[in-house]
Amino acid sequence: MPDLVPAAIKDRVDTDDDTPGGTRETVLMAVSIPIIVLVGFGLYAWWHATADLDSVETSALGWSGVWLAMWEHIKLTLVAAVLVVVVGLPLGIMLTRPGFKRAAPAVVGVANAGQSAPSIGLIVLLAMWLGSGFWTAIWALGLYALLPVLRNVIVGLQGVEPTLVEAGRGLGLSNFDVLRRIELPLALPVIMSGIRTALVLLVGTAALATFINGGGLGGIISAGINLYRYSVMVSGAVLVALLALLIEWLGRVLELLTRPKGI
Amino acid sequence: MPTPTARPRRKPPSGGRLALVPLLVALLLATSGCLGLGTAGGYVPTGRLTGPVEDTKSLDDATISVGSKNFTENVLLGKMAIILLQSAGATVTDLTNIPGSASAREAMLNGQIQGMWEYTGTGWIVYLEHEKAIPDEQKQYEAVRDEDLKSNKLAWLKPAPMNNTYGFAVTKKIADKYKITKLSELKKVPVKERTFCVESELINRPDGLKGMLEKYDVPLGDPKGVPRSNLKTFQTGAIYDATAKGSCNFGEVFTTDGRIVALNLEVLEDDREFFPKYNVSFVVGEGTLKKYPQLEDLFAPVSEKLTNDALLKLNAQVDVDGREPADVAFEWLKKEGFVKDQ
Amino acid sequence: MDATNSTTHDSSPESGGGAEISGAEIRLENITKRYPGQKSAAVDGLNLTIPAGEIVMFVGPSGCGKTTSLKMINRLIEPTSGTIHIGNDDISQQSADELRRHVGYVIQGGSLFPHMTVARNIAIVPKLLGWDSDRVSKRVDELLDMVNLDPSRYRDRYPRELSGGQQQRVGVARGLAADPPVVLMDEPFGAVDPITRQRLQDELLSIQRTLRKTIVCVTHDIDEAIKLGDRILILQEGAQVAQYDTPENVLASPSNEFVSDFVGSGSSLKQLSLARVSELDIRQATTGRIGEPAKEAMDRARSAGDDSLVIVDDRDRPTAWVWLRQVKGDTLHEGDRESLHTLDNRATLNDALDTMLTSTHGGAVVTGDNDRYLGVVDFTAVVEHMSVMQTAAQERQEAEVPAESNPEDDHDPDAPMDDRESSDA
Amino acid sequence: MWQFIEDRREQILINAFNHAYLVVLAVIIGSVLAVGLAMVVTRIPKLEPLANALSAVGLTIPSFALIGLLLPLTGLGSTTALVAVTFYALLPVLRNAVVGLAGVDGRLVESARGMGMGELATMFRIRLPLAWPVILAGVRVSMQMSMGIAAISAYVLGPGLGVSIFVGLAQIGGANAVNYALVGTIGIVIIALFLDLLLLIIGRVTTSKGIRV
């Protein structure tokens, strides 16, 4: 019995209302965040200039001190991020290679416990062991932010179509070439989102570095709390939040740029 | 149609239990009221009053919350106050360990705490915002007591003899290297070596670092004085270890802290007397004192015994030997004959 | 002509037979649905009366508005203008939820709630209507039996533990749970394999014979429409009614070119497929009862000149159809009941051909009510019957040619001549 | 180390209980709010980008900064801690609840409505049970995160084990400094693992076998 109308076509008259979906939203996000940050910063600077600050507040919010703290905060975040990627990426790759696959759950478990530990605890313990200062803060931040990167590297690489990998081998590519030219590019979006999560974590946790003389904007917040000055507290919080938004936006842009065209 | 066979009806076992969750939630929320979230203060022992304070009128209808700043000495004194009040029958909330003088002061002003040990110098310059300190201990106390009572209704009880002032300590090595014993000799130390470990409060306090460095002609932020990048900020307690380990040459210390002796640091003399007197006194809300005048004679004999070396030893037991402040305070009160075991 | 008449379904209202009607009439008056931003209306002025207790098939190419029209009957889609009546109350007067609890709704694949057991799925609407739990539970068992699923085995199963066909059966059961007068079906059998689909269609027909609901069913498969529908509504773009008539009339005299194309070339062959298996001469093959000594049954078969044996159980229901050489052991045993594709004597020749293609015997075991064994039919019997019908149809064709004047009236003399709503733009 | 714990066993247990209690309370309040918000967002799809932005931006505000902002409003002690931890506990659950509730197969929702289930009945008897596994995953993430944030709140006298970390910090170099910090940190990790296990069990019990993975 010839079936005139292919069964697969269903009669869907109601309009298909899926908005253009992700693209419009990401473009909106990509443009609006830096503007919000700049506007925020401008507002803060305007407030800073016009507000009648008493002696304590002026000394706590002096521009030279703020810039120094901001720069230290950025250094803390980026250096820790580099450390996390330099450790997390190769470790993640290694754990997905046939030889080490079995070790993956154990290592991820340790990293998971690392992150469930309170960041303040890590910072203080490491300070006791390694002495206080910038590099101790870097190690504490790195350990804390390692999990998202490591996990995403593993998940990303495992998510690559096994058939594609075989196809690569079939063409005579060496394991390293398959990794470099097929697996990594395909896994890149997931890896980059892991790095972005790590960046956000780092910016937040870097605020705690002040307890062990790691520098950063945390100092302004703790000064605000100790001196019980709203203005100083709010400034510290606002500056860190703006910086966090900026770095998260940076992560998003990085993610978009590194997304291979094909997918 | 085969007739449906009679079957024992069983309620499907799973899935329905999702309704359990709201029940669980309601139960937990309900209990949150009575269990309450204890604050960080923790457990403080109670005893029975004896000796000079034995016959103070009982306070069992009083509920007082006692606070303290977050460095060891003030926590110790706070625990002492709590033990005394509890032994006198009061129910006490322990809000010791408040981060920073200003937050503690704010807690006193808005009534979140009713009592706290405070320092005359801090009161005079930081809270009452005077430019110049009064050199004489007793006059300084009376000035602070009168003004704070008048303008903020806070009563400063009899001050203790001890004077825990700010100081800057150096390791023996640094002291010998630059042959420095007094703050006025800071100019002799090369700019690069004028590194300071301080906590964020001192940097911004009117009686703080900025004033002191100007007084000793090495102004903060001035390339010839002390560049801002020479400052390393730490939590109050962490400075001693940092100075001893050499992460900075000059560490901000409290002169009664036990670790100066333990880490054999040397305190530089404040020869130009920049820092005011910091005698400690138990400050109580005027209302509370009116209601319970016996507080005056409860605290007077105790604060009399609080001398510098008494505090040095007590602080060392906490900071060096790692004992719990509450236990150290209780033991001292027993030794001094103010309290007995229950 | 009589060939086509006798093939009329015995379900047309006048001819009675089966239980009394529990369905309600549905009237759609001038229904229009225009989506914002769409230039042409999805449904443009549809007028339709669906008689109570009948199965009406909405069929047409995709995008012709048949699903939209269906969903307007239970107000899943609100019409832009026009009114719909079920029985004689206007559905827009009552709350949509209340209305839907009295209109069964079955869609493709059953769309059962995966987190609920079969029993809880079926019990949803009765519980919404506040039935007490005993009544609900009895109803669930009754419905599971109605769709041939043993309650004790399937009651507490989860949808993911059922096959596609079983899920669809539970979907139908769920739709009938509250005994609604009207049941709407949106491509109910689209997602299953042909054999299961044929079985589900047969079951729906037998259920309808007992319940006599008003069933409106959307499909894109004209064969399904012809088999199931008491009437077929063929829709064109914008839900324009191309033809609304019984399957016979649609096949015999398609109202326009669109319908004849849509129904497919050689509609006469399609018309033939309407004939029922019961009209074939069914051959009596030798049968053997489970547990009977094998040698005896085989001798009986050989003496009757058969080289195969149909094994039946104590309730005379066929369980297997084996070649003599396959019989092993000294007594006959049940064999694999699931794999034996039986043919209901009400099934169409179309189904018979499908079943025969897959069976190893080039024939099919025919069963009557309660699956009782009637006999076997083979390929030659079907072909002979069709050729007989074909010659009859040709004679009718020649007979018609001279009498040009009124082809209408002698077309199907006894069918009631109510005036069909011809399609008005 | 054991002697240290032995001496302060009572105090550590009290702090541990307070810590767990604060986090569980905050996660519950946070989850209830988040699921409520997600339901509103599911009813009004236009709000979805707003909800996603809130949870994204919310997470970038460092907890230490938020505690600073809350101090003037809610003062020292457990209120500030509860509000801060609840704010962060809400975000992961909100993101997952929105994804979970919206992700329910449209045909299931349509057949539920088609059978006469009202808007609320469909939300609570169809969408919520089906989205429950995803929501629970969000609750687990939020629980783990809240454990750390509750520790930081000890800086403004919030209850829990955080206080012993700060005491450890204050006595750096002292005999028991390391012990204090270790007890605080490891105590929190143990509670975190225990509560995570508890959530897994609750998950198994409340998820219908039909959709249990």
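When the chains are written out, they are named A, B, C and D in that same order, and each has its own residue count from 1.
By definition in this document, a contact is a pair of C-beta atoms (placed from the backbone, for glycine too) under 8 Å apart; a residue touches a chain by one contact, two chains touch by 3 or more.
This is a predicted model, so every value here is computed, not measured.
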Item to check | Chain whose Cα centroid lies nearest the overall Cα centroid | outcome: D
Item to check | Higher-contact pair (C-beta pairs counted), A-B versus A-D | outcome: A-D
Checklist outcome for this item: Between the Cα centroids of subunit A and subunit B the separation in whole angstrom comes to 38
Checklist entry - What whole-Å value do you get for the distance between subunit A and subunit D if each is reduced to the mean of its CA atoms? => result 20
Item to check | Distance from the mean Cα position of subunit C to that of subunit A, given in whole angstrom | outcome: 59
Next on the checklist: Nearest whole angstrom, what separates the Cα centre of subunit B from the Cα centre of subunit C?
Outcome noted: 86
Checklist entry - Residue numbers in subunit B touching 2 or more other chains? => result 13, 15, 99, 103, 235, 238, 242
Item to check | Numbers and ranges of subunit D residues touching at least 2 other chains | outcome: 71, 129, 155-156, 162, 166, 169, 172, 177, 207-210
Item to check | Residue list for subunit A, restricted to those that touch at least two other chains | outcome: 127, 132, 211-212, 222, 225, 228
Checklist outcome for this item: Seen from subunit A, its contact residues with subunit B in the complex are 55-56, 59-60, 64-65, 68, 127, 131-133, 210-213, 219, 222-223, 225-229
Checklist entry - What part of subunit D is in contact with subunit A in the complex they form? => result 49, 53, 56-57, 59-69, 71-72, 144, 147-148, 150-152, 155-156, 162, 165-166, 168-169, 172, 177-178, 181-182, 184-186, 188-189, 192-193, 196
Checklist entry - If you look only at subunit A, which of its residues touch subunit D in the complex? => result 25, 29, 113, 115-122, 124-125, 127-128, 132, 200, 203-205, 207-208, 211-212, 218, 221-222, 224-225, 228, 230, 233-234, 236-238, 240-241, 244-245, 248
Checklist entry - Which subunit D residues qualify as touching subunit C in the complex? => result 105, 107-108, 110-118, 121, 126, 129-130, 207-211
Next on the checklist: Touching residues of subunit C toward subunit D in the complex: what are they?
Outcome noted: 74, 76, 97-103, 105, 107-109, 111, 113-117, 124-125, 128, 158-160, 174, 184
